[in-house]
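The next part holds the structures, each set out as structure tokens.
Shared between the two complexes below is chain A, which has chain B as its partner in the first and chain C in the second.
Right, the complex of A and B next:
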């Protein structure tokens, strides 16, 4: 083994260990960095054509390699699982390519209010029989057209992942990035799944007024489904995190949140942690009015915040949970190098003392225009130098 | 924790699948990958498609 390889292996091991230490409740040597860059942004940073190159695993791998070399992130970045080939084959209405090649996610409802009883009785059945044909025109066709379309899409996905998986491992080794799998399955809060997949943002907002009992029963019925979605197949460990992006709460009145959203979510998180896994949740938007609820969750939850007051979040939750996020991505787009450095140190000074902190932005980098190269490089260098315990 | 077990016409446990396909229950350990693997993969595909 040559010297460069040995250095990279040691770097990977140290970066793995920083995450392990955080998840197991110890102080790491350095602040782990969970910054993520989407596949679209990676293609753009690499100078690829977003409209054309998302159809090629080889082009995406080149872009991943380039982007991971460009930015010294802890995690391997630069891949998106929402590829246009899958959605084109299926005639998707829920994911469509925009004029610039970026995949858009229109707000459509999978079921109507009169379908609530069927949903409550068997959510998976409703997914296959009502939601899937509504989301995908090719799957609404009779057999064998729908069978052929689904199989083609599945093979496309398998073919892509057969290349991406080994490439990601190679990139991790090449650049000394995290090699351990910390982020496992993703799931949703029951109410969010009800809103996002079945009734849409506008539909659920009406339903909690017109059919409150049905909404409550539907959240209960969806609890086994979201748990099945989220519980990993691996041996339980607090280092394995189940990802949950939290969508609806900041659009709700607190009394509606407390009645409809929170109870099944809390039970879901309790179940995942009792099963021996950790939870990573992305608290979208501003959660300041819900911090006391988050404090009720089992200790050790990883919470990424988008907006909010870092000092108050640290003060209220920092002893119990792992805090993450809050660095404004807008500063990477429009700020100067000096402003990026100043903000990085300011956040580390507030959030890092005592541990329980992972550095992250307020949201992922979706497009290259979200972050100037020199600003993101400055940010990462600053965390590495300043974020030492 | 039985309250949180997923029950559906479109999702079967290994035991249910053995019965459905008339496979002897003694094959339960051996059929885990070949029979239940596709069931779990299909569930994962469904999750990808609805989220």
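Right, the complex of A and C next:
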């Protein structure tokens, strides 16, 4: 093995270890960095055509390689599993492409208020019979056309992933990035699943006033389903994280949150933790109102915050949970190199003491215009130099 | 006899049952068009209370969505007695989510609150190309253009749209407000808008200030 290879392998191992240390409750040598870059942004950084090239595994791999070389992140970045080809084959209405090629989730409902009883009784049946045909026009067709569509999508996914998987491993080795798999399955809070998949943001906001009892019962009915979606197949370990993006709480009043959203979510996190896995949650928007609730969750949850007061978050949760996020992505777009450095150090000074901290932005980089290349490079360099224990 | 300030308060409290009960009784009493118009105004003032409570942090987006629904239901109930007489219009807004962005919840909340405040709103919809904004502004000559977006890319699209209005010679004839999650003071200056907000109720107040 040549020297350069050996250096990269050691670097990968060190970076793996920083995450392992955090997840197992030890002080790492350096602050791990969980910054992620979406596939769309990677294609744009690499100068490719988003609309066309997101259909080609080879183009995506080239863009991933380029982007991972450009930015010294800990994680292999630049791939989105939400590829338009899958959704197009299925005739999806729940993820659709904007005018410039970027995939988005419109405000769409899978069921009507009168379907609540059926949902409460058998949520899987309602998914098959109502939600899936409504969201995917190709799956609404009679057999065998629906089966053919599903098979096409499956084969397409297999073809893409058969190339992406080895390419990602190759890229990790080439640039000395994290090689261990930390982020496993993804799932949703029961209330968020009810909102985003079944009733829409608008629908659920009305339902909690019109049909409060049904909403409560539906969350209970969805709890086993979100756990089935979320429990990883791997051997239980705190280094394996179940990802949960939290959506609705900050759009609700506290008393509605406490009544409808929180109880089933808390039980869900307790169950995942008792099963031996860790949880990664993205606390979308500003969670300052809910910090005391988050404190109730079993110790060691990884919590990425978007907005809020870093000092208060650290003070309230820093001993119990792993804090992440809060670096304003807007600064990478509009700020100067000096401003980026200053903010990075300021955040590290507040959040790093005592460990339990993973560096991240307030949200993922979705498009190349979100972060100037030199700003993101400066940020990463600054964390590497300054974020040493 | 309907008690107007009680109705206003019931809307403000988002007490749907009480609002609908009061309105049903009112419609049954065969009111005149003028009386009906007063009741519409009372409902609109109720939306003002909702907006204030939102700004104070007592209500949240979910409550605004419900308030919009409640107001729509209230106006529908009143339709048989409102007659052809329309309320006084305070101004005209061309509204839309900019190109590349498909999000519309914030835009729709702003629209229902602006309409409740007496604006005529021409809502273009989501993912709207620059040309649609330009054409609509030419057509209806609004006081205000409102642009909405949730994704960070919306900032670039807002800039494109304002540049498009400039090119068409329409920029100076309107006030422009941008709204949504990614808008900030810096973004507002960058795109060349007159105001920004991530708070629909505050946005309506800014618009009211412009047409006063």
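Quick notes on this one:
Here is the rule we use: the second predicted complex is superposed on the first by the 389 of 389 C-alpha atoms of A that agree within 3 Å, B and C clash if a C-alpha of one lies under 4 Å from a C-alpha of the other, contacts with A are read in each partner's own complex, and residues count from 1 in each chain.
The rule we apply is simple: contacts are C-beta pairs under 8 Å (C-beta built on N, C-alpha and C of every residue); 3 or more make two chains touch, one makes a residue touch a chain.
Keep in mind it's a predicted model, so treat the numbers as computed, not measured.
In the superposed pair of complexes, A:3 makes contact with neither chain B nor chain C. Look at A:271: by the touch rule set out above, it reaches chain B but stays clear of chain C.
With both structures placed on the common chain, the touch criterion links A:106 to chain C but leaves chain B unconnected. By the touch criterion stated above, A:235 is placed in contact with neither chain B nor chain C.
In the superposed pair of complexes, A:206 makes contact with chain C only, with no contact to chain B. In the superposition on chain A, A:135 contacts chain B only, with no contact to chain C. When both complexes are overlaid on chain A, the residue A:223 reaches chain B alone and has no touch with chain C.
Residue contacts after overlaying the shared chain place A:252 against chain C, while chain B stays out of touching range.
Residue ranges on chain A touching chain B, taken from their complex, read 81, 90, 110, 122-125, 127-128, 131-132, 135-136, 154, 157, 186, 188, 193, 196-197, 223-225, 227-229, 233, 271. Contact residues on chain B toward chain A in their complex (touch as defined above): 1, 3-11, 40, 43, 45-51. Considering their complex, residues 14, 16, 58-63, 65-66, 69, 99-105, 108, 126-127, 129, 151-153, 156, 182, 184, 186-187, 190 of chain C touch chain A.
Those residues of chain A whose C-beta lies close enough to touch chain C in the complex are 96, 98-100, 102, 104, 106-107, 201-202, 204-206, 208-210, 248, 250-253, 256, 329-330, 333-334, 366-367, 369-370.
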